[in-house]
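Following are the structures in question.
Both complexes shown next keep chain A, but they swap its partner, so chain B is in the first and chain C is in the second.
So, the complex of A and B:
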């Protein structure tokens, strides 16, 4: 009993954030779920229940099917690239060299400004005409003609992944760096006494001990990637066609522009379930991996 | 323990996913306040200039709220002029940029009963606003006689008009006279084939003929529909929404002409999809491209970028000679909130906008083209053809105004389709079939 009361007084401190969280997250979620069974258009407050009709419509919607495939491609492409780049980058930033702190700051910086801002600037660099920055550089240096970075279906998809990777790699490198620094130096000393070379040390000490960092980093990359909106929106507005529409962009398009709130709410609910499934699967697998390694 | 807390974290992160879309919407609800009325002349006026205009009883002060997509600088002359006349009325001016931001913001405000006294109705939200009963019926107000009849349909339902507009716009192709001369083009094209020939002539001498971003139902498409379909059957869109005609019947020919003329001849190339509006205008101003689709809003920037440029606007010709069209529509209309507490003052403001003085100040502030009874608008010489042959002759067309329902859904389907045609993913027949499918889907939703 005493323990319970003690517990309770700590729990009390959680009340304010619980209230805010309920108001801004739980309530809208329940409301979205409710609206997904109606034909609410976002304007008139009179609407009818139409059962599962919205859910049926989702699967015959070209935009959403295209958006799901692009979003998954973007998410896994970005997660893979960032992980491949961030771990070596973290190891380099962990070395002792003169401009170490400046370098850490430089790599971290792109994750601070809004993605929208970064993408607009990249829009100038990747402009598909001859006078675009990247196209000018390619012409001057290698005599390559203008490339449609943002308007050919595959190139546009890759461009958005590259820009997103550029923006977030430094942030994830800092995350790995924190875990790297928590690895006791004794392990490395012991290993080198046993005659392990640098590569073996990385393979058998650094990598396994970074596993928890990887779980967190990959989870953030996956959930963040699935929620992507700003970067493709600012770079390509979803074009050409539906090629680079993200799921969130389709939800905004159907819900706000086309005044089909009911349909958009149904999409949000399905989207929520997809993200939940992927995230739970990923964490379970990676935690098992952690335990296996350790 | 660790596992459960991680699972909790995942669920929270996922929950925030659902709200990604809502978040955008609710944000817009309170951002516009930054454009609060910073009119400095506000207080000084009260003591000095009000004596001439108003009678003995000083009316009690009223604050009118306005939401517009004209920014504060553009609206300042009208508002200042009005305040000079009615010093007891002050303003809470809010701005949201066109089109989507404005519409989303107004929508949020209307739904939460916080909408301003005066707001604007655009082609994109007219159905929702009028059907929802959010705007006051202005049909019988005496000042509405100033409004051109051709401006009324966009802001009306069943013969009742719900907003006042004093302006209109027409867009066409701006062309660079020097570059046309260089390519040996002495006469403007009278038919679509001549237009394509002229583009090819420009290409031959190494000039890029035309930039088009293909990011909307383009100016070229709208005008082509006007010059090829509307010129024969002015009621086509009416039939379309009564179910008596289809997109396939009206648009297949237009899209085929567009594809065969511009895409197959590589006059328009898919890489142009990635351009921004500013880039296109800049390239034209610098003489790197001979034509681009634009409107009156581009003229000042073109001249500022390159004062020596010789340019003019031209119409899009049809298949047969004599059918030239522009793309265009009435300007947005100012409406009064049906739930306003300051109805009298709001109507006073609208009335002021219809006076010669109000029209002049609106023209000055916005640089727009005034199309109202008894007012002659000064237009830039480069824009004269569009004003005389397009706006005043009624040879303008904009699907967003002419389509009766589901404009946004159809517009989006249209732009996705033309981009798919441009990258050779679908044919014009498939494009119009997808539009018919979309219309059917929206009717049955």
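So, the complex of A and C:
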């Protein structure tokens, strides 16, 4: 009996988390799945099961297809750019030069404030009109006319990637830096005794040992990228047209604003599956790569 | 170190200067424009003010409810983070110190939460919040944020495994209750991971935009981020005013950054190295 009471007391500690998580995460997910097969509009109590119709509609809805392709483009573009910049940045910030700490702080700080606020600041720089800061610089230095940084489809997409990269590269450099600093100095000494030059040391010591950091960093970049919302929303409001609509923004638009619950729920489920697929794929591929180079 | 080596490092200072300036430029831009008039800012956005003015700062405090929003952000963040850390730490306790089939199942069940994006639950969540009358309530948002405890739970579980089992076992012999062991012995030992959890949850909740945008309507309940969003619509032409609001909002974040930088870096490193 005493044992039973102790067991019960232990399990009670799990109760709050299970209650919150079941109510605010699992139940809504199951309901999303259920609603995705219905034509529920949020108002009328009566609704019908319409099978896979919502899932078919996803692919004929311009806003949704555009949001899926933009979100994937943004996610992979940002992940690539951040990785290409963060690794050399980490290697530089690992050196003991005079202004190292100032540079660390400057690159790292943008990862702390909200993305919405940062994107609004960049909105002044990238303003497509002549008085935009970047356009002023281009005019005065090179006599180039105003460029539509945020209003031409491809430029707008690239601009959102650049801003997101500026905001998060320092954070990922810190992550790589932690790994760099855990590499024993003996490795480099041994290599240089064996006659390896600096580039060979980077190629054969630093990169292989950074592989686990890359797995973590790329995973965070991909899952974070798929959930993108604030940066394009603040820079372009999703425009021009639906060109920079993120998946999140389109779920809010179709689901909450237009109360097309069935359609938006189908979109949510597809989104969930995309996140799941990319995460599983990425972790398996990167771990195999880690084993390959180590 | 040899002389040539030091010389090479000196080159890094020069090489990094332009990169640093570009990275810092957006902050320079907004700060410098808060001291200009609208016309001055429009004419030469990058130059130093032709005449330094400070009325933008006065005006922001007079015309916007920024203090109110600051207090709302503070209340929401503080309450949510405390609850998240407590719930997460509590849940880790039976999983680590009383492992059985039930706790293993609970752990797997919670693990699924990592893969479920907030967006995938958005539509039913919106209905649920409105059914429970939690929309446009500060405490409604706090309750919603409590689901962040799943992340903290896993941090805590990892850390708690490093606590020697003899500690709670000795306490049992001394007649300490299940709850007593947790609150008096285990929880105080969790300080380092609690600090990491608090920092990351604070940054998430303080900066969150989607949930406040969806679940808080009245302006008296705005968070700071929501206030920035609304101000963007109000001050479309008055760039200096909007920038001043932004700079004021950045002040507490900057202070947080200065105080916590070491802890944040440590948290990233620990999380990354463990995977």
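Here is the rule we use: the second predicted complex is superposed on the first by the 265 of 294 C-alpha atoms of A that agree within 3 Å, B and C clash if a C-alpha of one lies under 4 Å from a C-alpha of the other, contacts with A are read in each partner's own complex, and residues count from 1 in each chain.
Simple rule for what comes next: a residue touches a chain if its C-beta (ideal position, glycine included) is under 8 Å from a C-beta of that chain, and two chains touch if they have at least 3 such contacts.
Computed from a prediction, not measured in an experiment: that's the story for all the values here.
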Who does A:149 touch here: chain B (first), chain C (second), both, or neither? first
Which partner, once the models are overlaid, touches more of chain A's residues, chain C or chain B? C
Give one of first, second, both or neither to describe whether A:41 is in contact with chain B, with chain C, with both, or with none. first
Contacts for A:248 in the overlay, against chain B (first) and chain C (second): which applies, first, second, both or neither? both
Is A:264 touching the first partner chain B, the second partner chain C, both, or neither of them? both
Taking the superposition as given, does A:272 touch the first partner, chain B, the second, chain C, both, or neither? both
State whether A:20 touches chain B only (first), chain C only (second), both chains, or neither. second
So, A:29: does it touch chain B (first), chain C (second), both, or neither? both
Could you say whether A:131 touches chain B, chain C, both of them, or neither, answering first, second, both or neither? both
Touching partner for A:239 - first (chain B), second (chain C), both, neither: first
The shared contact residues of chain A with chain B and chain C are 24-26, 28-29, 32, 42, 131, 215, 223, 226-227, 229, 248, 251-252, 255-256, 264, 268-269, 271-272, 275-276, 279
Can you tell me which positions in chain C touch chain A when the two form their complex? 9-10, 12-13, 16-17, 19-20, 23-27, 29-30, 42, 45-46, 87-88, 90-91, 93-95, 97-98, 102-103, 106, 109-110, 112-113, 115-128, 143-144, 146-147, 149-150, 153, 177-179, 182, 203, 206-210, 214, 225, 228-229, 232, 239, 242-243, 246, 249-250, 253-254, 256-257, 261, 264-265, 268-269, 271-273, 275
Along chain A, where are the residues that touch chain B in the complex? 24-26, 28-29, 32, 39, 41-45, 57, 62-63, 123, 126-129, 131, 146, 148-153, 156, 215, 219-220, 223, 226-227, 229, 236-237, 239-242, 248, 251-253, 255-260, 263-264, 268-269, 271-272, 275-276, 279-280, 283, 287
Taking the complex as given, what residues does chain A use to touch chain C? 6-7, 9-11, 13-14, 16-18, 20-21, 23-29, 31-32, 35, 42, 92, 95-99, 102-103, 105-110, 112-118, 120-122, 124-125, 131, 133, 136-137, 166, 170-171, 174-175, 177-179, 182, 212-213, 215-217, 223, 226-227, 229-230, 234, 247-248, 251-252, 255-256, 261, 264-265, 268-269, 271-272, 275-276, 279
Would you tell me which residues of chain B are touching chain A in their complex? 3, 6-7, 10-22, 24-25, 100, 103-104, 107, 110-111, 128-129, 131-132, 211, 215, 269-276, 279, 283, 288, 406, 408-409, 412, 415-417, 419-420, 422-423, 425, 434, 441-442, 445
